[in-house]
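Common to both upcoming complexes is subunit A, partnered first by subunit B, then by subunit C.
For the complex of A and B:
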């Protein structure tokens, strides 16, 4: 008791405002980041939620008209939307081998290579990553042109029939999947290679002492220890893959031919910025938000259960 | 059960030699400890035996079969790693049983063998745990189990106790000793800890800069070091070295003209420089500093270790340490040190090799039994 009194009496009077400041201080530091998030994420999200119950053509002079759940009802009944959902799933499934399968294989194979050769391979495979998406789109349009494209010239040279890579409704979507995936391979390979080289080499040595073959080491040691990265990239592909193809849909096919390459993100964009149907676009946006939100939660739960972390 | 024969083995990393021409054979069932400072090539040698490092030149044979180009898993060796290297995503049972799994042994048989090893090591309750949920000592034990389950011909230990705290280290050391007595599996144990080396070894190898300095039973290596390096490396506090010159009669003359051991004569030319090595425990304090066989000693710091005293000081410019029984009363001021002629080690200045005095009857260390080996355990704390 005596100690406290003495201490309180001896403490400088400035101590009190300083304590007050310290409770505010963290919020001051957080303010810029919070402002950005609130202003550019949460406010638009709430506004979009609100707009999805209105009919509005985005003209400043037109008044939005409240239509209740009509936008949602119409969207869910629309064949266009159903096609877009199916295509979104196809994009995601098609991208997985390119963003996970091939990069994982490349990382595992090149992981055993040493010295300058390894860096050379990795640089080579990383190049598509640094090409601007729109430039990549144009290059691929030239390469895949039905009449004068290099790829079709090669096919013709090999005695094969011409392929309408971007004009055949059965092929166009897979062409866009390939271009999207081609851009991703380098990035994924880099992440997988990093995860692989982060594995403590004594685990591999212990497995070699245990008599495991190269393949058994991959299956039992390297892949399980890379699981956090594998799951992360799988999750990112599922959540963002369809978004990543948007640039190529927009630049190369515009969703065609016969709407065969459109997906939910492209549909959303079309409603909003081509037909100026703000209500439809935001309603589609909210649906996508909810569905992908649920998928993300599922993925996170799965990741927590399956991933192995080395302490 | 297996023997190891190492013939003229070299290992070069780029241009840096790690092991420079090494011959060694390990008898079936023996416990060999390789001791040396960091960077002496001891771990490299172990990893070459294991097959984890290529052999640049020379030959390693296990049970008479050259294994230079044989995969690590097929050499019949099991290894315990310094960091244990337990697979973090597998349970204890899966870790221990992994070697059996890749060998294609079926689950029931595997479970039986894992259970047997777990029982020997007291791991029964831990089988379903992941390595992250184990303490350091438990991990160490699992690593041992993983090595034992294959019933290998050779155990290789790569500083397995260095990540444990002091108390646990002593406990695991005894456990390893006990297991070796039970299993009688040939073991090669690499360490930089001289207590582990002295206590575990049947045969001790001291390595320095990629070469073997000395091989022998630990007691002999300790009491009869063949070089200044070995003498300096074993023992705590380390051996004291006193530079001397040989006079015309072959006697060692200390700076200032003292001849402390007139009965020791060396077959060396007059003026040859040798270093006299004296273990701290072989020195005794005398009050009067004047006599010819007494070295004048200026004490500086007294360390009380509880079971003995370490007195650090200097003789002239050379720092000296003396180990004394706990009850000794240390008087203040300059003291004298005396050592029996039998406790004197001598090493040539130019190459550090041991030299023996001529007239001294010097029975080999191993014949004189344990008595002369003065309270080793005390000086090792």
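For the complex of A and C:
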């Protein structure tokens, strides 16, 4: 590395052929990946920004009409959008116990579990993570079916009333949160367990010698040293939780009943490919992108300040 | 103390068993439902009393499931190959040289996952339509031919590769491509395998882009085929469970064989 750095930075002009090669060569390697990312992510991002100021029904023959900030103005006044934003927040808040709270508790309780069973548990609790989202949607739709589903049969057996898991507007969103979270619980648990077992055991031994209780060890040693993982998973949940729910919304409820399960990503999809309002969809997209981008920056800054590293 | 420890261990096993059942039972329920005859589908009980393949036969006749599975294997295989290839090349450029623009290129690739797909879906769709990629397997692969996580995982793996070995090969007059192919890659089997597993599983489970692109059942991949089938069959649970089981079979088989590696690869690259 050092030699090429020197060449690139301060070589005299007469070494031109070598400089040329060494400046071009890395770009040749980077080209395929960069081309894909630029062509399918960044250029479309700019185009989406541009489109958000136009009205266009996505038909190839129709020309987009410039409408300035109208799309944004309309969106912000729309009750649909307000509902979607509230729901997006509910999805995120609902997911946190499933992706962070429960897994963290489980990892702490089962930290000293050894033996052959440990790997067996690991193998089982990871399974939901590799189940395809649409398969998860279908199998939960069957388990939670209002008339014949197993869960409602159990509830009836326990003398409880039937629950319309996907048809009751007060329940449906939480059902979708549960399905999204079901895929994550086991995986998160494994991540926390890995972070926990990476802690240097002499710290815990020393604290125990000093007479620290189990809870004190958790609070003062294990949790702080697990904080990078905790913060990372929290951040991923906040940034992507609402996106992970999209499959279930689209496949199971279509945003209903009474729009109770829609979120911003589903609204964008509806505007784009159901109502064919490209301007609205991209305007909503730009708002979402900016808001989540700011959240991401905030999270990263917070992580840098809060995370405790063993050093 | 020992007593307290014993209680702790029992509690730990209890928690793990609960979590395991929660994870595995829904999948089990899907599989056992798929073997139930129509008249038995609504009865409880943990096992079908007379297991039957009739649901599978129904699926085979009602949708081109084998063709769809074939499409998905091709799509996931091609996506994996492309993502690993572009990932290896890009990671090598970033590790081998320090050059103006390198850091920018790396951030551009790394930050691409921050752009939600729904934000760029309309321009992407328009571009795909212009390139004639609608309703085709190629259209599913090309926009996903590079993945930020593949580049980053391989970048980290290559950074750990001893620099002296690369230098020695360079002294011997080997070009950078030859060093990559003959010196570096043979020593990166583990990370390559782990990235490939991840790419394959996430391509297999990909939902949104196929949802936009695919129109016809026979061109679809399993995720969308299942969605079509669900709309078509509604509450015909037996065949639906059989189709879902068939769609999951390749991934579950992969998991049975490579369980350790699959879990490890997911843990190394975080959540996807």
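One rule holds in what follows: the second predicted complex is superposed on the first by the 293 of 311 C-alpha atoms of A that agree within 3 Å, B and C clash if a C-alpha of one lies under 4 Å from a C-alpha of the other, contacts with A are read in each partner's own complex, and residues count from 1 in each chain.
Everything that follows uses one rule, which is that a contact is a pair of C-beta atoms (placed from the backbone, for glycine too) under 8 Å apart; a residue touches a chain by one contact, two chains touch by 3 or more.
None of these values were measured; they are calculated from a predicted model.
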| query | Does the subunit A-based superposition show subunit B and subunit C clashing or fitting? | reply | fit
| request: Go through the superposed model and pick first if A:293 touches only subunit B, second if only subunit C, both, or neither. | output: second
| query | Counting residues of subunit A in contact, which comes out ahead: subunit B or subunit C? | reply | C
| request: Using the touch definition from the top, say if A:199 reaches subunit B (first), subunit C (second), both or neither. | output: neither
| request: Mind working out whether A:78 is in touch with subunit B, subunit C, both or neither, as first, second, both or neither? | output: neither
| task | Considering only touches as defined above, state whether A:90 meets subunit B (first), subunit C (second), both or neither. | result | neither
| said: One more residue to check, A:309. First (subunit B), second (subunit C), both or neither? | reply: first
| request: Kindly classify A:211 by the partners it touches after superposition: subunit B alone (first), subunit C alone (second), both, or neither? | output: first
| request: Figure out whether A:106 sits in contact with subunit B (first) or subunit C (second), or with both, or with neither. | output: second
| note | Once both structures are superposed, the least CA distance from subunit B to subunit C in Å comes to 7
| Touch list for subunit C against partner subunit A, complex | 8-9, 11-13, 15-17, 19-20, 22-24, 26-27, 29-30, 33, 41-42, 44, 85-87, 89-90, 92-94, 96-102, 105, 108-109, 112, 114-124, 126-127, 129, 142-146, 148, 151, 163, 176, 201, 204-205, 207-208, 211-212, 222-223, 226-227, 230, 235, 237, 240-241, 244, 247-248, 251-252, 255, 259, 262-263, 266-267, 270-271
| task | Spell out the residues on subunit A that touch subunit B in their complex, using ranges where they run on. | result | 200, 202-203, 205-213, 216, 220-221, 224-225, 227, 308-311
| task | Over in the complex, which subunit A residues touch subunit C? Could you list them? | result | 1, 4-5, 8, 22-23, 25-30, 32-45, 47-48, 51, 58, 60, 106, 109-110, 112-113, 117, 121-136, 138-143, 145, 148, 150, 153, 182, 184-187, 189-191, 194, 232-233, 236, 239-240, 243, 246-247, 250-251, 265, 268-269, 272-273, 278, 281-282, 285-286, 288-289, 292-293, 296
| field | Partner subunit A, residues of subunit B touching it in the complex | value | 50-52, 71-74, 77-79, 81, 83, 85-89, 98-99, 102-103, 131-132, 146, 150
